[in-house]
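In order of appearance the chains are A, B, C, D, E, F, G and H, and numbering begins at 1 in each one.
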């Protein structure tokens, strides 16, 4: 199943939650923010929201900037 | 009868046309432009348009400007 | 007897020393410097140098400056 | 015989006049000025002044400058 | 001097014969205007529109402007897009042509333009067939939107109107010149011919000057001075100025002179 | 424009017909010079003196300078007053007249003049009957001494020779213009016509330009641009520029328009 | 020095302890940041938001910023109001607070902001409870609209981001300071501490600096230099600088000395 | 910040603890001076010498200057080298040390120094063992001669004394800093802390300020502002400022955000 993560089509198993996806990438959940289909996904929902075909996911974190 | 000419309430006799008003003020028609109730009044209509109560008239001419 | 003090002809009794002149003006000797006939007059000489006619005396002190 | 021309030691036959030297170099006399031992050599003297050992000669002309 | 031969300024389909645009406000007497226009060589001349004062009539300014000039009325007095549109339409109704300088000003102290309302007015008037030259506070993004809205040229301010302070917004104007594919005309603030020349050297297409000429002790001479300076600056721009160096570079040859043996 | 009629620049008893003085160094070809001089309108033209190179002769620069010009040789290459005096005498011996630009330079990096040696050379040469125009680092006290020494005009630098950096010493030059009763000619550093115009607006009597013209892509056009700019700046100076204001002042009448009831 | 005691900068209800705001981009190593922040004294520190790179993870920038700082994420990367709003919401969702610097940029060369989209984004985000500090191209009319839209401070650019060119828009920024009843923070372009001091002397409420510190050979020392300069400039503003004069005025008494008889 | 540790200013064999030198003229009350000196951190403090007025005595200025300061009398009032020498000798006779600021001024309007007389006075006084700091009109050739004459530092003017006009002679001062192997101290004209910081960023060794502090509404605060600014400028000079760019360079990463698929 393809979902769009950070602008790229990405293969994800059906039933994967946002949390599972993030942890699967080796990312500490506390360091990122997730936008799910153009809306903020609050952290407490990550464990329950299951990714579906063509979902749009933005996973972002802070970097240096001016 | 009061009409508003250049922002001031002005007494005008009923039945006065735009042209009559202008000429009555001693203005050569060729030197001014008239806006009648927020629309341009083409010169050829001045002789036929009769002023009515609360009409808005702007009579303007060119001056020096930058 | 006239001597020139700070650019002005000034009456001084014959035999007056520099020190006497200064003290006579109510000036504390420690706060001024004296040029006597275009040469510095060291403080230790003030008690012995007697003013003569047409001597040139500059008595100066520090003021604010940039 | 060596004379100094424009800062360089230069071989010149004894008896050579300024004029002969200049013409020998293929220079039109009208285009240059000559300083001879730190003094201007007027053009009318060029034919008679004979160069001697260690004479200093500056032969200059105009160039572009600002 | 070949570059100059084909150097034409085209605005709204017209070839503009002088890169000095002239305003007609503030002259001690309108009677000076014909001579000033002539001395300056200006081809585009601005005028304003005002309510007729029925008590103190003055002669029509237009009669003082040579016939061969392009008249560019401004919308001064307008505080928003709608008023600018009304004024522009009145100007056009006078039969003086379809050029319009949009000037929308809400600030009474510095007379700075309202760029947003200016964009709106430009859009409406360009669609009605006006040749629109908007006066604006220099801003690249706004200039792009003005161009999309149909502006024939962009007129950023150098400093506040009538201040004679010179071009204090060079940094932003240079960017406009570089990035905008339309004539950039520096309007407002130019106080000296040298400043007009500098605008042209920077690559501005033209300058609009009024106060500096009108308030000079001798406006006719000052008009001529501006005309010459604008020409000088344009020619210099085309002539390709030499490089600016940190250090000196001798104009006269440095080699071989008296002290060298 | 009445002021202009009697506006003459007299130096050394000669009426100088253009306030743009032109240098002849650094041109890609000397053949450009006649056309550049003509396009610029320059009346006083500078040249340098160099030792003849017996191997690689080049044509005499003087033959490229129109006959009606005043030739002003400089003393470039001189490192002290004595050398400047020798060079000046050689220049005069050429029969080209008695004008001399004194240029005494010890610093090879910025080519800045030695004001003290310049004063000495001025004194000697003025006494010999030269018309002396000393190039100097702007300094009021030195300018006064140059004048006492017999200088016909004072030529302060705007920035280092050949740098095209513009007039970076305005503060000091303005004071010279105000305080010195002789023509002040801004020499060195002027890189753009706008800068030449500004010098003239400040009240300089003239400017001397070389590198900016010679290193332009099109020197003839640039010469013309400078000629126009100098004229523009001079006329503006005479025309009495208007005041510079902190705030805006409307060019178009601000009274009574649409929004006023 | 009484003026200083009550001189507080309040933005969004918080007292800001330093008038130097610091950006965190472009440091050769993020490990420098804690020391730079400390040396500079900055209280408000900006960060950006970027998509996580799953392959090349880097440490969280936030961990390098002292806890007592206010974090101000920017919306860099946004090309319109809608994108800025999305980024702002993501930033807030991180739990770092509700400050947001709006940065909407369509121009890739000069990175100049889009003022119109910035107004739109300000309106939306202020309504959502953000403390909004919009980065903008200086323009009085836009600044007024930003204030109406709910901006907590206005951040005009001095020159293009990262250029270190200084405050080239002084004329416009001075007008903002005078006319806008909100803190004016000069953002972008400040390259030297002296320029930061000048902004403060002009009356700016604060400055935001990044590139000038991050690209210095010694960023910690440069951070300290900026901190001192901002303090110097603010104190000078409050201390009431003396008048600027055309002519000299002796510092030492001129009366009565040696040469006077 | 390692560069700072060894950054010492040595003049005449003494380590000077602050790069801000302070003048004491023009204060509304001399009683302010101790507090101003302390707030500014100045270590070298100038005073002038005047004929005692037998009628209206005032307290000795020296009593207001902290003991740890180096007193630098100036020769103000001198119109030529000889008078400067006499004044210097009187100053030394007071027992206040052997520092002397040479100030020889013939021009009463702009108070510009006479560079030639200044060289002569420097030569005489340096030979007598004074630590000589000559105030001068910036001129490379003169600075070299002053150094040969024994000057311990060179003090070029930024603009006329007391004018608060800032550093208008940057071009010439930068050259002095680059070419002269002695401390360059910008004296006269500095009106704002930002200008002092800029002088230091340019590489000046120090600045001397008087009028800007003395005529501020709050001289103590202004003294402190100058102290901070001078420190900021010096640190920035040592910290190695980043490059200035024509165009923008993003502070936040430009790669990969919302709009990129």
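The rule we apply is simple: a residue touches a chain if its C-beta (ideal position, glycine included) is under 8 Å from a C-beta of that chain, and two chains touch if they have at least 3 such contacts.
What you are looking at is a predicted structure, and each value in this text was computed from that prediction instead of being measured.
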Going by the stated contact rule, which chains contact chain C and chain F alike?
H
Between B-F, B-E or C-H, which shows the same interface as D-E, counting it as a repeat when over half of the contact pairs match?
B-F
Quick one: chain D and chain H, Cα centre-to-centre, how many Å?
54
Averaging C-alpha coordinates per chain, one finds the centres of chain A and chain C separated by a number of Å equal to 93
So, in whole Å, the Cα centroid of chain C is separated from that of chain E by 71
Two or more other chains are touched by the chain E residues 23, 25-26, 48, 50-51, 74, 76, 86, 109-110, 112, 160-162, 165, 210-211, 251-253, 256, 258
Contacts with two or more other chains occur in chain D at residues 6-7, 58, 63-66
Of all possible chain pairs, which ones touch?
A-G, A-H, B-E, B-F, C-G, C-H, D-E, D-F, E-F, E-G, F-H, G-H
Taking the complex as given, what residues does chain E use to touch chain D?
251-253, 256, 258, 260-261
What residues on chain A touch chain G, complex-wise?
6-7, 25-27, 31-35, 38, 40, 42-43, 58-66
Given the complex with chain B, which residues does chain E contribute to the contact?
23-27, 30, 33, 46-52, 54, 57-58, 60-62, 73-74, 76, 86, 89-91, 93-94, 96, 161-162, 188, 208, 210-211
For the complex, give me every residue of chain C touching chain G.
4, 6-8, 58, 63-66
Chain G-touching residues of chain H, taken from the complex the two chains share:
1-4, 23, 25-26, 39, 48, 50-51, 53, 74, 76-79, 83, 86-87, 103, 108-112, 160-165, 191-195, 197-198, 200-201, 210-212, 214-222, 224-229, 231-233, 235-236, 238-259
